[in-house]
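Right, I'll just put the structure down here and ask away after.
As written, the chain order gives the labels A, B, C and D, with residue 1 at the start of each chain.
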Amino acid sequence: MTRKIIIGVMGPGDSATEIDIKNAYELGKLIAQQDWILLTGGRNVGVMDAANKGAKEAGGLTIGILPSNHTKNVSDAVDIAILTDLGNARNNINVLSSDIIVACGIGLGTVSEIALALKNRKPVILLSESPESQQLFKSFAPNLTFIAVDIQQTMKQIKEILEIVN
Amino acid sequence: MTRKIIIGVMGPGDSATEIDIKNAYELGKLIAQQDWILLTGGRNVGVMDAANKGAKEAGGLTIGILPSNHTKNVSDAVDIAILTDLGNARNNINVLSSDIIVACGIGLGTVSEIALALKNRKPVILLSESPESQQLFKSFAPNLTFIAVDIQQTMKQIKEILEIVN
Amino acid sequence: MTRKIIIGVMGPGDSATEIDIKNAYELGKLIAQQDWILLTGGRNVGVMDAANKGAKEAGGLTIGILPSNHTKNVSDAVDIAILTDLGNARNNINVLSSDIIVACGIGLGTVSEIALALKNRKPVILLSESPESQQLFKSFAPNLTFIAVDIQQTMKQIKEILEIVN
Amino acid sequence: MTRKIIIGVMGPGDSATEIDIKNAYELGKLIAQQDWILLTGGRNVGVMDAANKGAKEAGGLTIGILPSNHTKNVSDAVDIAILTDLGNARNNINVLSSDIIVACGIGLGTVSEIALALKNRKPVILLSESPESQQLFKSFAPNLTFIAVDIQQTMKQIKEILEIVN
């Protein structure tokens, strides 16, 4: 069995904040340093782009699950572009294919991904989410929803979850 | 142009409350009485099943967008079963194909549908949702998120939105 | 149980021949006269458009499974537009949702639909297909592949298959 | 730009012949030796499984695009499992995500993949296909359909196509 551990980093595209971008970049780097594969929505904006750039900086392997049928908007830091042509329906693939999902910032697409992840019984770490969304998701899946205050705690939680799962 | 108005009623399956079921049934009936088409996730449980039954009671036409590739779990009150075999990725089709979405109760699938609807710029009426989810979705799309306290207000809002859209 | 019989008519869009268009129109009419629902790919070109127009001429109900997330290219004769935003992946939904598929002319999209239909154990009637495609599909699924020389034979075959299935 | 070249190897699962399996294994090996990434349907049967095993034998990287939402039937030789939960609709992702597709043997799923690939203007190499399918696909897309008699010719054609494309 050669299957590799995949960490999905989800978050806003155009509406990402500076903090989201910074977190995503650092997270990508730390994920790559653990030899885990980074999976994102693959586009060349926001959290996706920053996480991929961080991972490549550290020599990691990056997968992008694109909504389109072409490579025009793919992040330059994506190694493997999966072209789904599914629009937002590809969000379900993002979460199914990840062992753990980190929500790094929040947008409507991210909300759909967190909900789909929890519905599929995947652990989700909420990094710098709003109190409303923390409460909402905790109420649905208390054992699968983790709250992290910074990337150090996020990495600690990923390791703990992987130990339980594997 | 013969295209018909489609109202999507979304909500929990197995975890639907008694109030959700009652609301969904009444809503289905009122939608059918307006000669609008009812669209749901199509399964034979919860909000989907109740809404379809209400619509058929009033002689309406019902469409179910199923996650499966077979008809084993289709509500008996679905006229037209669209078999997607997409699992939860079919949630995006539910909202894209509806002119207006009513969230009747809440579950993780419903959360994903509301988020995907708003991302696609579709109006969503939240009927008996939790304060957290109301606040969360209002914060993302204040002009597309409507709060209803009962089915009468829901019907009134649908009519007002249709007038603006058409 | 109120579920209705759905006949899927598939065939080329822009590259449809005059005969394909004529056949599709007549087929749509005859399907509607039997009170069956017509399902197509829903766009305003070729076999899809013609079949829908025929069905509406006879007062039938028409469903279009669109590849897009908008209604710009929907045939005017489609009553119910299902917006999938799946591109060509929607072809699998076309065939899964139909009780019987009629291939009316041939194109690459049609080839994919015939193959997916047979893989899903759905009966397919090949109307005016090329000898190569007839031979190819017969070799994979002899009991599910029917060859028709004209629309009268097509209708006769649909009735015979429905009797066996139901 | 770090994006890697992806070669898709498609072919029958349970109905693969001994020759298909042998070809797929050798092809997987040769693809890995060129440092290209192998993409398949990912299951633990037939052409998919054999191609992945060949690629791993040569130390390559392998991606599997699974129809399911779980990893029960994933080939042991798949490094990165993309869980789509799309059933056969995932066939469109297989071909969109590959730079070149090799059809190694034939089945109904493979027919759908060749058709979808050509519709998306992707080059397809037919290795040991039947004369009917060769003729059929050549007639639709003469410039994108390549016929190979063995894996050596297949590899030569892949290199020639990549030179033109890049």
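By our rule, a residue touches a chain if its C-beta (ideal position, glycine included) is under 8 Å from a C-beta of that chain, and two chains touch if they have at least 3 such contacts.
Remember, predicted model here, so these are calculated numbers, not experimental data.
Between the chain pairs A-C and C-D, more C-beta pairs are in contact across C-D. Chain C and chain D have Cα centroids separated by 29 Å.
Between the Cα centres of chain A and chain C there is a gap of 40 Å. Of all residues in chain C, those touching 2 or more other chains are 69, 85-89, 92-93, 120, listed in ascending order. Because contacts link each chain to all the remaining chains, their graph is best described as complete.
Against chain C, in their complex, chain D makes its touches with residues 86-93, 107-109, 111-112, 115-116, 118-120, 130, 132-133, 135-136, 139-141. Listing the residues of chain B that touch chain C in their complex gives 1-4, 6, 37, 56, 62-63, 65, 69, 71, 74, 76-86, 92-93, 96-97, 120. Remark: chain A residues 69, 85-89 touch chain C in the complex.
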